[in-house]
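Given below, in the form of structure tokens, are the structures.
Common to both upcoming complexes is chain A, partnered first by chain B, then by chain C.
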Partner chain A sequence: MNVRIEALAEATYVVPEGRLDFDAAGRFQEALEKAVAGTGQAPAALIVDGAALEYVSSAGLRAVLIGAKAAQRAGVPFALCALQPAVREVFELSGFSRIMAVHADRASALAQAQRGRT
Partner chain B sequence: MAQRTVAADPAQLTVLNEFLRDFWRAAALAPAGMQFFELALEEIFLNIVMHGVRPESMPLVQVSLNRVAESVTMTVEDDGPQFDPLSLAAPDLSAGLADRPVGGLGVFLVRELMDIVSYERVGARNQLRMVKTLAS
Partner chain C sequence: MDDSSVPSRARAARAGLTPALLFVPLRRGLAAVAAPIHRLADVLLVSRGPYARAFENLILGLIIFSVASIGVESIPDLPQWMLRALRITEMVIVAVFSFEYLLRIVAARNKLAFIFSYQGIIDLLAIAPFYLTGFDARWLRALRLLRLLRVLKLQTHILESVVEERTQELAHKNAALEAAQAQLKAELEVARALQLAILPSAFPARAGCDAAARMIPATTMGGDFYDYIELPGGSIGLVIADVSGHGVPAAFFMAVARTNLRELATRHADPAECLAYTNDALCAQNPLDLFVTVFYCILDPQTGVLHYANGGHNPPYIRRAAGPVEALDGAGGLVLGAMPGASYATHTVQLLGGDRLVLYTDGVTEAFNPAAELYGASRLVDEVYVHGGGTPQALVERICQSVSTFAGSAPQSDDITLTVLTWGAP
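So, the complex of A and B:
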């Protein structure tokens, strides 16, 4: 798996590409934690864009949960968006959709983060 | 029926994934359903690695795949110590973000995604059988 980071003024987007399995989970967790910390200052919001995320297992979910907790502690709005159907189903079954904001696309994730509700 | 045996070493998961993909392609099954079996395979295999590996012994894990009509059965057997993954407590899904424990989701997801999951200790082997009928 490759993780792309787009640090913009409006938000930092974390874009996992490929498979978020046990092998990739550690790297992804690190990427999320780094993104929460930001460079110099915390990001305005942290949005995981799942458009290129093909697969997630419980190890991947664990990394997302740790990242979401870190964002919450840092006061950074956290959201997921553009999850593919099978990945979305795993998020819903695990109950994560109830404790994290899941949006259809970047625009709606950003709009909600900017309203300060995550 | 197709069968593959590997050591309970995390690095072997790629071999099992390839085995699953080959089976899926050969059976001409709809690609959409494969993810659920990939997930079940990763969760169950890693559970065996976690619970079954002892300093003096590494269990062998045998995965069998069988298709009848639109129904796929995956059986995972290992010769490690007796361990029933279905005995693990279900995670508390009601906790908020800050209190939500990290982990414990793997077997829960397998139970949710499969139609049937059953465990049996057969002789000196753990046998976990999973069945799912795919949407046609």
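So, the complex of A and C:
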């Protein structure tokens, strides 16, 4: 799995590509923690863009949970967006979609993060 | 004063001196000279430092030079100045060789053994003719060629001993690593045995119902578990659960989750309430942010009524005796351990005579084959539909076999757990 981080002014996007399984979970968690810490100052929002995420295992969910908790501690709004149907189902079955914001696309995720911030 | 000083004391007495007066400065003098000589021998011969290497090269150069000079000396009508130069260098060479020879004796642990060894004799032969016959024993100096052989032999010997030393070091380290690994493996095997031992081996005996289960960990230790709990009033609690990740951390969390759930199940008759309390208990003791998906149901063996609550687990299947396979609704409750204060919902389903309840973890449906395809829910449903008519044990084995055949040579990436319950007449 590959993880891209796009640090933009309005939000930092974390983009996992491929399979987020046991082997990739550690790397993804590090990427999220790095994104929360930011460079110099905390990001305006942290949004995981799942458009290229094909699969997530329970270890992968744990990495997402740890990232979300780190963001919460840092006061950074956290959201997921553009999840593929199979991944979205995992988030729904596990109840994660009840404790994390899951949006259709970046725009709606960003809009809600900005509302939550003001 | 020790007794070994007797001869020198006697000599001193003959010379008219008191023994004490002569002995003390003599011993001090000897000690003062001996210590630096030993140090020098150590630096030039024993150690493998830069000085030793330089000294060895010096000796090697002198040997070659002295052997070559024999040839030069044999040329007739050499000018007088050259003969004198050759004589002076010969003296210098013999002086250095003598010094080296004495140092070797000093450095040798067993001095006699060195003197009479091949090396010792050649070293002596290289210098002895000079002392015995002066400059004329020219041909005897050819013996110094043997020294050349000796030096080469010495260098090979040093190289070999370095290689041997390194090999031994490596062997020691390998052995230590292997021992540590073996111990770790043995301890993990014990832990694995302990973990498997806390899984129930037999379903509580009840007329009209039966169950079978299997847990296959992906690594030595698993994070999956299943449980049968005998509840007050004759009901039976049935649990299947999957801790995020696997390995030792997951195994520990599994043991904590199982213990908490088992304890709280006897106190809370409602499955949703039981999960909510278990969730709060797990959140309070979860330093690693692990979580566990739990499906928990309570069967009334008299009536076949099943109350259940789902904390983030894959919805189990019911294979109706009449044929169709249905997924239980009510999925989507939060996994346990992720966030305190979560609430769950209790659902109810009526089992009919001969129905099978199939509980599984995602290690079954998310098993991969070498082509990176998922086993998937549809294959599982097919197996349940086609082979669900037999005993629970037979269906468990059938599904495990099917998954294993599908996965082929692909490594098992997650724990695989299955529980099958039958109720009523078949």
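A few comments on the model shown:
Following the convention adopted for this analysis, the second predicted complex is superposed on the first by the 116 of 118 C-alpha atoms of A that agree within 3 Å, B and C clash if a C-alpha of one lies under 4 Å from a C-alpha of the other, contacts with A are read in each partner's own complex, and residues count from 1 in each chain.
Everything that follows uses one rule, which is that contacts are C-beta pairs under 8 Å (C-beta built on N, C-alpha and C of every residue); 3 or more make two chains touch, one makes a residue touch a chain.
Here the structure is a predicted model, which means the values were calculated and not measured.
After superposition on chain A, the partners chain B and chain C are seen to clash. After overlaying the two complexes on the shared chain, residue contacts for A:82 are found with neither chain B nor chain C. Shared-chain residue A:25: touches chain C; no touch with chain B. Within the superposed three-chain model, A:3 lies out of touch with both chain B and chain C [touch as defined at top].
Legend: residue contacts after superposition of the two complexes on their common chain; A:59 is shown touching both chain B and chain C.
Applying the stated contact rule after C-alpha superposition, one finds that A:94 touches each of chain B and chain C.
Using the contact criterion defined above for the overlaid structures, shared-chain residue A:72 touches chain B, although it does not reach chain C. Superposed model on chain A: among 41-49, 149-157 or 239-247, the stretch of chain C in collision with chain B is 239-247, the rest showing no clash. Overlap of the chain B and chain C interfaces on chain A: residues 21-22, 57-59, 61-62, 65-66, 69, 93-95, 98-99. Taken together, the chain A residues at the contact with chain C in this complex read 21-22, 25, 57-59, 61-62, 65-66, 69, 92-99. In the complex of the two chains, the chain A residues touching chain B come out as 21-23, 55, 57-59, 61-62, 65-66, 68-69, 72, 85-86, 90, 93-95, 98-100. The part of chain B that touches chain A in the complex is made up of residues 10, 13, 32, 35-36, 38-39, 42-43, 46, 91, 93-98, 100, 102-103, 105-106, 108-109, 112-113. Of all residues in chain C, only 242-246, 289-291, 293, 311-315, 331-335, 338-339, 342, 362, 366, 413-414 touch chain A in the complex they form.
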